Each structure stands twice: as structure tokens, then as C-alpha cells.
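Each of the two complexes below includes subunit A, the first together with subunit B, the second together with subunit C.
== the complex of A and B ==
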């Protein structure tokens, strides 16, 4: 008889609706292990901010301190007196040239490989082999690619592509050979990005194209490639970034001459066959590790490199933030 | 697969289409196979070039003994007669240097980047978060020579002034000279170099963890740290492995930066020396290749250098396959199952 009493009491006067307590964000109630984890996490985050901020600020200060407009317009000269050793016009041109050569080679091969891997894929075993091959290139150190390039391009039948010493010895060093090896380091990025773009296109788009009588080749050319253009562009820009930033291939395959050296008298081609330097090798050679002892110019050139990287990053951001076509989703 | 039902008069045209389709497939396939052929060619060429060095030394190639820099000089100066070429080399200090720098940087970097990625995704104030992500991507793209420049001009003098006292110099003066460029600086700069890549990859993956999982855990009263640590980080394990593999490949192949800051001396740092161990110079394989670039035309030294390249190549191929295998093994826990 007494049991229902409390029930009746509660139904008679319902307790006030539970107060919404403020979510307790404070970590002070957490177990000790979790608090240690949290503090480690914050420590890592703060260290990251400090290091990244430090690097960027330091480079910016040094860059602004040492960068002069005249550096862009003067050729470097081997001079002990640093006020006379010129600027980095030639390395800058060299960077542009080598990036152009590398991208021009890597772009068609990379896109073709990606399309074949994604759309045709037969025979299956071969496709799998190509896939792992691309993965292997992506992991291969660029020094190894560089000295592999030396083996290939020192063969006498490739002599027309590079510098030759007296007595018909092929040196294998030129903008062309360095650019060709640079293409290999840009290739995996282009392939990967293009494949990711192709995989995002749903199958019904391909089927729609077949159903109106287009062949597979026409579908690829008119439908698939145009709609994954942003992905291809992203891969290409990332590849260009890798080419611009690589030093080992330049140091080994381009030689160490400061100025552009042309070979032969065909304009354009002669420069491609000649040797030179790029911004990265300019930085390397002007640092205490190289011969030229002029850290100021190395800092200035490194700052320019950093600006180029910023610009490329911005380009990638612009490309990837553009909206995909409606029908892709 | 395209299948055609050409109607009446369109038959001829359709046939033409099929033929051009086959041509396109052949062309694309040929370009893809060109890539494959180049890679196989690379492996074959590098190993053929490297063979004399391996075969002259046998397994002792990988062993210890003597001063590796002296051996390299002797190889460079060996007589011009092919029968009298000197090949003797004990490459252990270089291999050990490679393992120390790469292993050290990847271990430190892995712990650090997982923590930093959790920080960026979960704990950072929103404004900081929005600032950090592009900066991380930017730093991932900075050329290694820039890191090397900062290392050699800023960090090395700093270490020389702060840590290398006269007593410390004297304690090892009969073995090696200490001048600031050292194992510690190499590992430090290498870590700074590979961390942004790992963070960028891990952050992307942590963002892709389904919200239901983390919210479900949070609704059960699990705190934020534990949600991240036990749910999100576990879910992205395959991606962490992939990031570590990528970082290892980059660290292994880093040549220019390491040749600038590691001291460029074929010396095996000795752990018995205590703290001084960290301040001793070393030189990894890749840096050795760059440092000896002028000697490539001398036949025996060239072959020795290709042997270094062959070791690097094998390691990187092995790494790619190990990464692929690990991703497969972990596929059952993956939210990124198809990514590999």
C-alpha cells in the first residue's frame, strides 16, 4: 500500500525539467593520461607554429634585406668581390627553361598513362606493372634518377642532346637531359592527380556518352579529359613545384657553370644542349657548402624560390577550389 | 567496355570509329609501357654499372673496416689499367649514417606529426587552424636546398657555439673533428623537412573520419582527447603508415640538404660517446653520391657510386612495396580502403 506513494507524489508535482548544464570543456576532470596527451598535443602544436613561423619570418627578413632589383637583371660572374659577382638572371632563366622542358615531357606521358590505367587497363597484369612502376619512380631518390640519367645520356647515340668534350666523349650534361630526368620526378604527381580526377567521374557519364554512339577514344577526348581538367592542372602544377625545387638532378646533370652556355649555333636548341644553373643550384653553390662564399646572394635566391613556391601553392588552391561540373556530383 | 549497335548506313563509320579507338588504346598503352620500360631500364642499368664494386668486395661491402673516405680516395686514384682498378670498400659508416638520419627523423617526425595533426584538427582555435593548414602545405613544398641553407648558416653555427666546448672537442679529437655540422643537426633539419608532408596527409585523413563515429563516442561521454586518440587516430592508421613511408622515402633520398649540414665525413657516430654522439659528423649514402659527383667519370669510383645508388634504389623499391603491403594489411580498419 505504501509502494505507489512516491509514484503518486512525483506525478502530482513533476520535478522541474533538468537544468541544462554547461558542457564541461575543462580538461581538469579528465584522467591523467588524457591530460598528458592533451598537453603533448598542445606542445606539438605550439612547437609547429614556432618553427614554421620562425622559418618563414627568418627567410622573409633575410630576403627583404638582401634582395635587390638589380639581382634579377645581372648575370652571375665568378668574382671574389661580392659587389661584382652579379645577380641571378641566368639561374632564373635556367629554372624557367628546365621547368618548361620537364613539364612538356611529363605532361603528355603522365596524362596518357593515367588515362590508360584508368580507362583501358588491359592486359591487366601489364597495367598492374605500370602502376607499381609509377609508384617506384615516386619513391626513387632524385640523386639516383640523376645518375641514371648520366648512364643513359652518356651513350654515344644520345650525343646530339648534350655537351660533348674533346675526343667525342659525351658528357650527358645539358638542359635537355636534366629536364628529361626532371620529367620523371613530376610524372607520378601528374599520373596520381589525373587518375584521382578520372575516378571521380561516375560511370553513368561514360555510359551516357557511349549510348549516343561515341567511341571510347572520343569519350575520353571530349568528355572525360575536359571534365577532369582541374585535376590535371593540379598535378602539373605540383609537378612543376617538384622540378623547381630539385637540386640533385641539376647539380649532377646540368653541370656547375654559372652562366648559360650554348652549344652549337641553332638559337634555342643550342641553349637546350648547353649547360647552366638554376636557382636551386645557385643557392647551393653560393652557400658555404659550395665554392662561392656569398650567403647574401644565396638568401636572396632562396627567398625568390620561396616566393615561387608560394605562387604555385596559390595556383593549386585556385584550381582546386573551382567548382566541379554539376553532373559530376 | 563500349559495345556498338551500328544502325544501317552508319556501319562503315562505326568501323572507322572502332579502328581509331584501337589506335588510341595502343598509343596510350605504348606511352604507359614506355614509363615501365624506363623504370626497368633504370634498375637494370644501375645494377649492371654497380656490379663490379659488389663483386669485388662480396658481402664485406656492407661491413666495417678502415676509413671509408680514404677508401673512396684510393678508388678514385686507382691506376688507369682496368686490371689494376681498386675497389676495396667497407661502406658501413655510410649505411649506418643513412639509417641513423632517416630513422631518427622519421621516428621523431611521426610522433610529432600525429600530435600536431590532432592539434590542428581538434584543439587549435579556429583562426589558428585556418592559418596553419595553408602554411603546412607551403612548407611541404619548400625546396630542400632552402632548408639546407638555413641549416648551414643558422643552426650549425648555433650548435657549434652552444654545445661544442673545448673539452668535448678534446674528448674525441683523435677520432673526429667536431665543427657543428653533425648528426643532430641533420636529424633536426630532416625532421623539419618531412613533418609538413606527414601532417598534411594525416590532417586530411583525420578530417575524413565519419562524423558519426566521433560524435557517437562523444555522446557516450568520452572526452575529446580520447575520441581523437582511440577513434580517429585508429581509423586512419593505414594513412599514417602511408605518410611514414612517403616521409621515409623522402628522407632516404635527401642528398643536397644532408650534404650541407651533416658534416660530410664518412664517419660512424659512436653511441658510447654519450651526448657527443649526436654532435659527431656523418654522411648518408645520397649525400655521398652528390659529394663525389666530380668523380663519376673515373671508372672504378663511378661504379662504386652506382653501387650506392643501387642500395638506395633497392631500399626505395622495398619501401614502396612495404607501404603497399601494410596498407593492404590494414585495409579492414581503413576508411581509406580504396586509396591504395
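== the complex of A and C ==
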């Protein structure tokens, strides 16, 4: 922007700048309580930034010095000698797999739930029950979900989802079962974000669609869902972040095998029926807090994990900054 | 000499406008009396086609729960002329308008009595999506859908949620609707641009084009200019006057000048009652009811 040209008559002596109180002076006239409050707000923000910066810097220093390209391409092996124990190819693939399974299950259910809650809500009692159900799932610790999942998926009629041992004992641990429980922790985020997106759309937009003779279903499909696409994407990416970062479900429901272990001989399906590990369980098992075999590799893997999560956050920012349609209310 | 002081007189008797001189239809551009000094010019001219009744309300009442919003209103809606609904806020104008294409049914507490007919057929007997294609509505706020200009207009032409028929098959109909809404020359160079990137006035004309694409018999306009600037308002008013020969038009407006400019018949509503219905000259110049006189006089006096 260019400054407006001064008027010819006044160009000789520019008008004096308007007097403004400096923010600092303004705050000095505040009551003491308000000034303490303001300083606390500043302190809280800066402290959070310092903690985040500290974690990132520490992980970068510890992680990068142990990070080798070979770590990405070698499967882990249970060796005491750290030079032979391989990399984290399998945990990396496991993270990708379990995120994919969890998201694929959570996405359609979450979007459908949000649409039903926001657009239909009938009967009212059921809608309230679904709402509190979603809230309860959102508040349940993932370790509880994991134990619950183990009980469910060890039932014999879920045997097709995981390894069935001798004597018809169902293991209940596989990418399928862990992914299904992971879907539960992503679900509330997708439901919440989609509902927020739908609530942003004013009612007259729906009525405009009905007014050219469209049904509710057509309106949802062609107007409402496209309008809240950024919101749905945000919820999904946030959900993926939760799945990637979760450890309890992996440890309990995926088994602790270092490498991907297939069950059955159908390509792809056999991997999903089998067990494996993810970056989180790899970090846990290798860190000094866990089995403590190789903290170096734990740091490297943790650094990769952190990078993935930061990248996802960046993606969320990009999506939310993309313009959602704006109407006058 | 000091500048003249403007006096504001509270509780003054509302001034009633003089009746127009006897003349053919009274459709001159300059009207004597107060209107001559106001920027209110008639856009109307005698319609080329004779007015044909398309819709009729008989003893129409609508209530939200216990609150009666529309009380036993009977009105005709004619093609070839514009019917304006005027009245203070909360008088039931918009409710009446929304009942014409059964949008009131979306409000769970709303109940309706009386009869509404479209070409002699009870609207309750017409399948609702079919009815809404024939009686289409444009809203107060411009609300194009988040898709291209072309797809917005084509939306009304396609079957429910379908994306087909594809563009070539629909292009003539879309162009026709955009031309009727007076928007085609402004958007013809790029029909793929996002509709929400248009200006407010263009968005509103796009919404009119979207409604016109389905070839409705009746077009309902709910304060279509209240979110727009004066120039866009003028363009849309001219459009309304032009369109009235093709479709029957009902417009709800808070702007009495606008009602005067575009309407042929005016219905004045107050607290759910239809106080007076008649040609625009009667309502604005020779109102029969005291309440009409007060309302119209208050606006113009």
C-alpha cells in the first residue's frame, strides 16, 4: 500500500501525528490485579514456547546424531549388539499401516455420525445418547480401549481378524484389531470437526437448495459436505496425529513383535491380520524406560516421530487457512 | 444569519400522501406530492401481458406453537405482475412467503391451516420437491453454493444429487437462465470461477438465475436487496420488473420505496393480519385502512 498523497494546500506543513498512548503507559495505569494477570498471560505463552522449543531442540540434537539413512531401510532384529540390531523400517511401516486402517474406519463413521447428529437428530433421545457416547469415547484413556478391544477381539467369532492358535484360541492382536480401536480415538475428533463445519453453514443455504427442489440427501451430498471439506480434513488429520502418537493400543493390541509378521497367505490381508510394531512401541521398547537396549535408536525413532507429528500439524494449519465458504448469516 | 435549525417533532401526526391525479394507470415517472421530491421513481410500466392468477391463498393461517404468525389471509398471486408484501417486522410476511413453497414445514412447531393452490391444485397434493421447483425462493442473504458459477445454475437442472448431465448438454439452459437474470454478460468469460468470489449483487443475481433455471411458475423473493448496495439494488429491481411477465413474483420487503418502485399489487400485513390488499396506487395514495395510512404515511411523510 502506498501512502495517500498529501493535499496540495497542506503539503508544506504535514499535520501533526495524532497523539496515541503507548501500550506500556496504558498498562501502567491499570489496576494491579490486571497487570499481574497480563504478566501471567505473557509468562504462560512464553513458557509454553520454551518447553516446546526445548523438546524440539533436545530431540533434534539427540535424534539427528544417531540418525542414519540405513535406519530407514533395515528391519529391526533382536540382537544385543547394537551394530547388528538393524533399523526401524518395520515400525515405520507399522505406523503407516495402523494409521491407514484406523483412519479408513474412523473417517466414514465419523462423518456419517456428524451429519446425522447435525442434520437429522431424530429421535432426540438417540441423538443425545450418541453425543454423550462420542464424548465418553473421547474421554476414555486409550489403554482402557485397548483392554476392551482385546476382550472383544479374542472372541472366537472375530477369529478371522487375527491369528488363531492351536485349539481355537484367538490371539486378538493384529493390525485389524489395533486399527479398529485406533479408529475410536480418532472418531471424536472427526465428529467434532465435521459438526463444527456443518454448524458454520447458515440455514438459508440449506433452504436455498430445498427451494430449487432438492431433497435433504442431495443437499447434504452436493452442498453441505463440499462446504465443510476443510473442517472434515482438519478433523481427519488431527485424528491421524492421535493414532500415530498412541502407544497403549499398540503394545496391547498389536503384539510386541519387532518385525511385521504375516498370518495366512493372502498378500496384503495377511499383513493386516498379522502383528508388528510402530514407531511409538519401538521407542518404548528401546528407550531406557522400556527394555533399554538401544537408547540411540530410540532417540532417532522419536525424532522421526516428532517430525511426522509436526508435519501433520503443519498440514492442519494449511487446511484451516484454506478458505471455507463464507456466507452472511 | 445562523443556519436554520432542523426541528424534529416527536409524535407528529403521520402525513398522508396526496392522491395522484386521475390518469391512465398512473404510471408516470414523476408523482406529485411528497414522492416528487423523493428519489422514488416508478420502474413499472403497464405490463404487456394480462395478469393470470397462478397461486391463491384461502384463509391461510400459520402458527408456531401457540403463536399465530399468519391469521386467515386470502391473497391471489398473479403472473404478469409483482405482489409486494409489506408490514412491520414480525408481521408474518416472511412466514407467509415461506409457506407458499412449504418451507414452513421444516420448522417442527409450525402448523398451517387453510388452502394454498398452485394453478388450482392444492400444494399439499404436489410432491414437495416438484412444488419447490415450480415455486422457487430467493433469500435475504446471497447464498450461492461453494461451486462454480456454471454448477450453481446447473444445480437446479440436475437430478437430485447427480453430477450429470454433463456440461455441454446443460450449457444452453444455463446461459438462458444467466441471461434472464441479467448476469450473463458479466460472467460469460469465465463460468468456472467460484460463485462465492462474485460481488454481493452478482451473487444475488446468480441466486435468481439458479432459481430461474428450473423454470419456476412463481418466484418468491424474501427481502432480496436488504444485504446489497443501492446500485445492485437498482439492477435487481429492474430485473424483477422485467421478469414479472415470465413468472409470477412475490416480494417481501421492508423498504416501502422499493415496494412502490417494483410492485403492481401490495398487501399490507400487521401482526399476522392482512390489513389491506390492492393496487400499489391505492395502498400508497388512497389507503382505506387507518393502519395502512399510518404505516405508509410514516414512511413517506
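As a working rule, the second predicted complex is superposed on the first by the 275 of 329 C-alpha atoms of A that agree within 3 Å, B and C clash if a C-alpha of one lies under 4 Å from a C-alpha of the other, contacts with A are read in each partner's own complex, and residues count from 1 in each chain.
Here is the rule we use: a residue touches a chain if its C-beta (ideal position, glycine included) is under 8 Å from a C-beta of that chain, and two chains touch if they have at least 3 such contacts.
This structure is a prediction, so every number in the text was calculated from the model and none was measured.
Enquirer: Given the touch rule stated above, what does A:227 touch, subunit B (first), subunit C (second), both, or neither?
Expert: Once the two structures are laid over each other on A, A:227 reaches subunit C alone.
Enquirer: Touching A:50 in the superposition: subunit B (first), subunit C (second), both, neither?
Expert: Neither subunit B nor subunit C is touched by A:50.
Enquirer: With the two complexes superposed on chain A, say which partner A:217 touches: subunit B (first), subunit C (second), both, or neither.
Expert: In the superposed model, A:217 contacts both subunit B and subunit C.
Enquirer: Applying the touch criterion given at the start, work out whether A:204 contacts subunit B, subunit C, both or neither, answering first, second, both or neither.
Expert: second
Enquirer: Could you say whether A:280 touches subunit B, subunit C, both of them, or neither, answering first, second, both or neither?
Expert: The answer is first: A:280 touches subunit B but not subunit C.
Enquirer: What residues on subunit A does subunit C touch that subunit B touches too?
Expert: Common interface on subunit A, subunit B vs subunit C: 210, 213, 215, 217-218.
Enquirer: For subunit B, which residues are in contact with subunit A within the complex?
Expert: 2-4, 10, 14, 17-18, 20-21, 23-25, 27-29, 31-36, 38-42, 45-46, 49, 112, 115-116, 118-120, 123-124, 128, 132, 134-139, 141-146, 148-150, 152-154, 192, 195-196, 199, 223, 225-226, 229, 249, 252-256, 259-260, 286, 289-290, 293, 296, 305-306, 309, 312-313, 316-317, 319-321, 324
Enquirer: Subunit B touches which residues of subunit A in the complex?
Expert: Listed in rising order, the residues are 27, 30, 34-35, 37-38, 40-45, 47-49, 51-52, 55-56, 58-59, 108-109, 112-113, 115-117, 120, 126-127, 129-130, 132-145, 147-148, 150-152, 184, 187, 210, 213, 215-220, 241, 244-248, 251-252, 280, 283-284, 287-289, 295, 298-299, 302, 305-306, 309-310, 312-313, 317.
Enquirer: Mind listing the subunit C positions that touch subunit A in their complex?
Expert: 101, 103, 106, 129-133, 136-143, 145-147, 155-156, 160-161, 196, 207, 210-211, 213-214, 220, 227
Enquirer: So in the complex, the part of subunit A that touches subunit C is made up of which residues?
Expert: 202, 204-205, 207-215, 217-218, 221-223, 226-227, 325-329
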